[in-house]
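Every chain is named by a letter (A, B, C, D, E and F) in the order it is written, and numbering of its residues begins at 1.
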C-alpha cells in the first residue's frame, strides 16, 4: 500500500508512515521540568517538523540522523505551519528501503529513457562503438545503477535518475550539434556523451539522501569512469586502440580545465564539444532550479545560487 | 579581367598582378657591390617571395608594408620553391581595392547566408524581436558591413564573411538546443545569437589584412554592440523594456566570465546557453584550422595553437 | 514637523513617528499561550528593537520588510538597551516618503557641491568638454538623480549623495595630479573624473535602503554610463570623435582590470590615473568607516572589513 | 666495437659513426652556384655541426630530423670550433638503435638501483604491499621499461633511467621522513613513492630523443598509472580494497593541486608527504642542472630556468 | 597546589580553580523575572559551560572575555553534559598567570628539545654558523620566548612550545634530506631550518589564548625574523656576507610563493628544500589534528579542515 | 674635454671616444677568407654598429660585453645608417668610468631635487619624522647613492637619478592628496613617500647598464629598505615605537598585493594611498615612454609595452 507523502498531509490527519530522519534535537520544556524531542522528517516531497513528548530519551538514542524511521502520530497546524505530534517513532527495517521515497526522482520517464537508449544504440554506425554501447546496455547490474544514480550531491540533477537524464540530455544536444557541424565524428561524440559520466555510478551512494562514496572522494568519477570503460573495452577483442584512446580522453578531459579537476584539457573537437554540452546541460538544470527556488514567484531574482556563484534573473 | 592568384602561378609564367606587400627588406648583394630588394607578396591564397634587382632604393622607399602593389615580373623556381623575379613594382590605386583578393573569405556562400537570414526572420514569432531583426536586415549599410566583417583578427573565423558564418553557426546550434531544452525562450535565444557580436563590424577594419580599429581596441565589440543595439531599438517605439534589457544583457555577458572581458556574467539561461554555443562555434573552427595547419598530414599532432593554448590531436 | 530619530530617543518617551521596517518575526510567548511580534525599526541614525503584544497577526501580515511604517508607542529600557513597546504599527503612505530619513546622507553639503560643480565647469578650457559638462549640469532630472544617488550598496559612499561626494573627491584629487604631472590632459581627466560613474544613477534604487536595479545587475554602471554619455554627446553636434572615444574609454576602463568588470584596461595615461584615483577615493572612505565601526575606540584593530578584505589598523 | 662520442673527437680525426640528426638545412654556396647541406649531429655527449658538399640534394631528401644517420667524414676545426666535413651520410638500420648513445643516462648505476629495489621489497612488512611490489619487480617487461624510462621530456630527470632515479630518490627521502614522523604508515608511503609515477613508462617514448606518446598527451601518467596499478592488483586476489584505494589515491593526487593536473588533492598524510617529496626530488635535480648550465662557472646566477620559472643563485 | 583541569572534573565535585573566560552572556530567566549569567570557561584541556544565578549583573560587568577568573562552584550533570553551578566568579590576579594552564602545550618534552638543540649546535662544522647558533642559544631572553612561542594562532602547532616543536621537526627532516641528497649544504640547511621562523616569537602573544601582536599583523614573521637575524649576526664580526645573504634569503623565501606572503621565491636548493619541509611538518600536524577532531572515531572522514581546505580521510 | 655622443656623430667624422660595448660578434668575410668583428657600441644617447677589419681575434678576445671601450675610427654612412669603421678598440681604465655617459639620466635637475628635499624636511611638523628625514638627508654616503640610483632595471624610471625623481614625484602627489583628504596624516604620508623605496639603493648596481645586485635578487628592496630604516631609526633614541611600526609597514606593504611581492597589504589609509600613488607615478612614466618609443609619431598606438602588459593609445 502506498504511503502518504509530506506534501499530501492535512491538518488533523492520522499519520503512519516512514520518513527520513533529517534532524533530531533535545529541547528543554518551557516549564523547565524536562525535555521534548524536536525532529525534522523528510521525504522526496519536502520536510516537516515533528514533536515527541513521551519516551523522549529512549527515542532520541534509538535512532540517528539519516535513518529511516517509522512514525505514528497526527498532523496538526501550529502557527500556520503543519507539524506532526508523534506518539511513536522507531528505526525502520533496512532491507526494505526504497530511496525513491526520500530523494526526488528525475522527471524523465524510465520507459522514455530506455527507448532513447536503444534508439541511440541503433543509430550507431561505427561497429566497435556499437558493440561497446551494446555491451554496456546489456550489463544489467551496471544499468540498474546507471538508471538510478544521481549526477551530483547537489547543484544539478541531484535526483534519482539524474545521471541518466543528464547523459541523455547531452546525447540529444550532441545530435543537434552534428547537424550543424558535419565535420564532427557523430558516433564518437554520441558514445562519449552517453558514457562520459559513467564513473558517477561509483562516486555517489544514496539511501535517504545523496552522499559521496570513499572512492568518489578519493578518486573521483573521472578516474572511476576510465576504470569502468577499461572493464568494458577489455571484453571487446579487436576494439581499435585509437578509438579507445579517444573515448578515454573524452572522459579524462570532459571538465575542460585543470582547476575543474580534469587532468587533461580537450585535445580534439569532439572532446571540446562534449565539455561545452556538459556545461550547457548542467546550466539548464541549475537556472531552472534557481527560478523554482524563489520564495515569491513575483521576485525578479533568485537568492544566491552557490553552484552558479550568482543571483539568477527570473523575470 | 580576373587576376592570377599565388597558388595558380607556375614556373616560367609572366606575372602582371596586384598583391599585398607583407614584408620588404634591403639585402646586400653577394658580391658586396650593393643591394637587392627582397619582398614577400601575399594574396588570399598564400605568400610568395620576390626579388628586385633594379631601381632598388626607389622601389624600397616608394611603398610600405600593407600597401597593395602592382607587380610585373616572371615566376621562377629557386631551390624547389617558386619566386618572382620582379621587373617593376609600384603602389596600386587605392580606390579600386577589393579585400577579398588579399584576405581569405568564409566558405559560406552569400546566397545561402541570405536565405538563412530570411528564414530566421520568418521563423520568429515574438513580434518585437521580429521587428528588430527585420529592421537590422533592411539596413543596407550595416548588412554590407555585417556580411563582410571578420569575427577576429586571428584565432577563429578570421576571414571576410567570418562574422556572418560565426553568427549563423550559433543560430543553427541554438535551433538544435531549443529542440532539446523546451524551456528556452526560442526567439530570444535566436535573436541574441544572431546579434551577439554585431559590435564586431566596428571592432575590425580590413583592406589587405585584418586589424583592430581604435574603437575596437578602446571600447571592444561588447560596448560597440550595445550601442548598435540601442541604435536599432531606438527606432522601434513600443519595444518592451524587459526584452531590450535581456537582449542587451546577452551581448554584455556573452564572453561568460569577467577575465574574458564580459562586464557581467550570464544571469538567465538563454544568456548562458549563448555563451557556450559561442565557445563551441569558435572551437569547431579552431580545431579544424589546427588540423589543416599541419605541415605533414600524417602527423598525429598540430603545432602549438595559440588561440587554444594547446597542441591538437589530429589522428 | 520634524520627526524624532532613533538616536534621539530616551527611555520613557512617547513615540509617534515613521521608521523603516528592517525585520519582523513572530515569537512564542514565554507562557506558551500565543505569540508576540518582534520587529527591528530603522532610520538613518540606527536601528531599534520593538515589541507588539496586541493584534499581533494582523500587524504581522499588514506590512513587509522594507516598508515605511507609522509607529505609535513608548520607548523603554530593557536590559540596558532601548526598545519600543509598540501600541500600533501600520504601513505609511508611499507618496510622501523621504529616503533621507532612512538612509544616511553624505556629509558633503549640497551647496558646497553645487559651487564645486560650477567651478569645475568654469575651469574647463576645452570647448567641447565644457559644452558637455554644461549640458549635463543643466539637465535637471539627471542632476536631481546624480545629487542623491549612492556610489554603492555597501562598502564605500553608500549614502544619499555618496555618488556626488565620490565624483567630486576624484575631481579634486585629479586637480592635484595635474599640478604634479603636467603632461596630463587636465580637462579630459577632470571631465572623466566627474562623469566616470554617471551610470550609477541607474544602477541603484533607494527608498528605505539601497538596492540594485535590474539594469544595474544585468548591465552594470559601466555599460549604463556609456549609454548616458552617448545620450549627451548625441546632443552636441560637432563633438570631436576622438574626444568622445577617449571619454568613453575612460568610463569603460575605470575599474582597471578585467576581473573587476572593466571590459577594457586603461590604454592612455588619463584613463590609468582616473582608475587609481577612484581606488584612492574609495579606500579613504572605507578605512575611515572601518575605524568608526569599532565597538571599542581603544582597539588597535577594526573587525574584518569585507570591502577591503582585511582588518584595519586604527591606532 | 664502441663508437666514438662527440666530446671525444679531435681535429683531424677520421670519423665513421652513427649520430642523431638534430637539424638539416640547405644553404646557398657563397659563390651563388648552388647549395651545401648544413647539419647538426648529436649524441648523448653533445652536438656538432657538419657540412656536406657532394650529393647535397639526395642526402637532404634521404633522411629526416630524428633519424639515426651513419656518418663518414673528418673532424676539422673552423673558427675555433670543431666541425665534421662529411663525405657520406645515410640513414642507419633501425633495429639496432641504442637510445643510450643519443640520450644522456642517469648517473644512477643499474646495479645499485637493483639492490635498492630489492632492499625496499625486503623491508616491507605489510604482506599485500610486499606481494604487490614483488609482482611488479618480477614483471620483466615492465621492469625493462621502468629501468630505462625518463621522468620527463625536459625539466628534471630527462635521462634514460631518470624515472628510476627519481622514484628511488623519493623512496630514500620517504625513509628519512618515517624516522621523523612515526605516525606515517611506512610501507604505504614507501610503496606509493616507488610506484607513484609508474604511468610514465607509457607517457614517454625515446629513441634519439624524448617525446610524449599519444597516450601520454591524451591521458597523462596519472591515469596511465592507475591503469597499471589496477593491472597488477587485479592479479593479487585478496588485496584489501582499502589499501588499493589508498595507493590509487596516492597516484591520483601526487601532483598536489588541480592546476598541476591532479584530479584530487592529497586527503591523507602519506599522500600529502609523497607530493612534497616529489617536489623536493625534482627541485634538487633542477637546481643542480641550473648551476651546471651556466656558461661561466664564475657567474653567481644561472640563466632563466623555465621549469623553475626563475633565475638560480649559484654562488 | 595543582589546580584541577576541566577534563578531570566529575559530577558533584566542588570546584575552586582558575579558568579562562571564553564567553559570557546574560540570559533571561524562563519565568521572565530577570536574568542569569551563562559563561563558557576554558583551560588547556577543553571548555565547560557555567551558570551564575546570583549577583548576575555585578559579575557580568566585573570581568571580560579573555580574563582569567577565579571560580567557586559545583560541577553538575545537565542533560548528559557537565556544567558548573557557580557561586562566585571574579577576575584573578594578573601577575601570577601561567598560560600553560589555558593553552595546550606541545607534546615535545623541554628536556628532549634542549638536548636536540645542543646536539644540533655540536653537529655544525661551519664555524660561523656554529657561532651564530651558539649565540642564539645562549640568549636567555630569546630562548625563553622561543621555547614557549606557538607556531600559529590556529591551523598547525598552535600550542605553547609549538614553534620549537615545528622548528626541530624541520631540522630532523632536514637531517634526513642531507643523507639522500649529498649536494645539499648541510650546515646551511640545518641552521636555516632552526631559525627560519624565529620572527614568530614577536608575531604572536599568548596569555589565555593565542593572538597576533601589532607587529605580527603589520610586518609579519618574515620581516621580524630578518630583523632578529640581523641583530644576532651584527654581534658576530667577520660573519661572511655571503652566508648572511643566504640565511636571510632562506627566511625571506621560506613560504615559497608570493601569494603565501614570501617577497622572494627560493633561489637556491637549500631554500627550496626548507620550504617543502616546512610544508610537510605543518601538514603532518594538521592531518593528525584533523583525525583527532572527528566526533565519531569510526567516521572515515573528518569535518571540513579550514587550514587544509579539504576533508581528511581517516580510515 | 667632453667626449662626443652617438647622437652627435656625423658621417665622415673622426671618432676617438669611449663607449659601452653592448654586443660583439665574429662574422665571416664575404670572400670566405676570414672574419671581421661586428660590434654594437652604446652611450646614453643610443646605439651604433661598428666594424673592425684588423687584429680581429685579438680585439675580440681583449674585451667583453659590458666593458667600457676606447674606440678610434671614422663614422661612415652605410645604407642610410651611420656606422663606425674602427681602427682600434681596447678596454678603458675602470677607475675613471662615469655611468652618466652610458645610462640615460633623469630629467630632474639635481639642484631642483635638493631644494625639494629640504623643503620637505622643513615642512614636517612631527618632530621624530623630521629628525629621521634630517638624519637621512645628512648621511652623505647614502644621499650620493639615493641621488644617482635608478628606480628599476627597465619599465619605469630606469635612469640615473630615477629613484629620486620617482620618490619626489610621489611626495608631490601626496601633498596634493592631503589637501583633498584632510584625515590623512600628512607627515607620515610624506615621510613614507620619500623613504618607501630607499632599499632600491642596494637593489640595483649600474656602471654601463643597470642590473640587480645579489642582495636585490635574493632579498628585494622591501626587505633591504626595512633594514635601512632600522639603521636610521636605531640612531634616534626616543623615536616612538608606533611611528616606527607604521613607517616600516608602509615600506613592507607599498606594493599593495602579495603577488606583487608585498608580504603585507596596506592596513591603514596612509599605506593604502602610498601604494596607489606609487602606481600612478610609475604609470605616468611608462605611458610617456610608450608614446616616445613609437617608430612613427603618426601611429595611434605604441608597440606592446611589457611593463604595462598592453598597447598604449597615443593619439
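FYI, a residue touches a chain if its C-beta (ideal position, glycine included) is under 8 Å from a C-beta of that chain, and two chains touch if they have at least 3 such contacts.
Note that the structure is a prediction, hence the values are computed from the model and not measured.
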Where chain A and chain F overlap in contact partners, by chain label:
B, C, D, E
Fraction-based call for chain F against chain E, same above half, different below:
same
Centre-of-Cα separation between chain F and chain C, whole angstrom:
44
Provide the C-alpha centroid distance between chain B and chain E, rounded to the nearest whole angstrom.
62
Enumerate the residues of chain F that touch no fewer than two other chains.
30, 214, 217-218, 249, 267, 311, 313, 315
Interchain contacts, given as pairs of chains that touch:
A-B, A-C, A-D, A-E, B-C, B-D, B-F, C-E, C-F, D-E, D-F, E-F
Once bound in the complex, which stretches of chain C touch chain E?
30, 79, 300-301, 311, 313, 315
Can you list the chain B residues touching chain C in their complex?
214-215, 217-220, 222-223, 226-227, 230, 245-246, 248-249, 252, 258-264, 267
What does chain B use to touch chain A in their complex?
169, 172-173, 175-177, 179-181, 183-184, 242, 249, 265, 267-269, 272-273, 276-277, 279-280, 283-284, 287-288, 310-315
Give every residue of chain A touching chain E within the complex, in rising order.
26, 30-32, 35, 214, 217-218
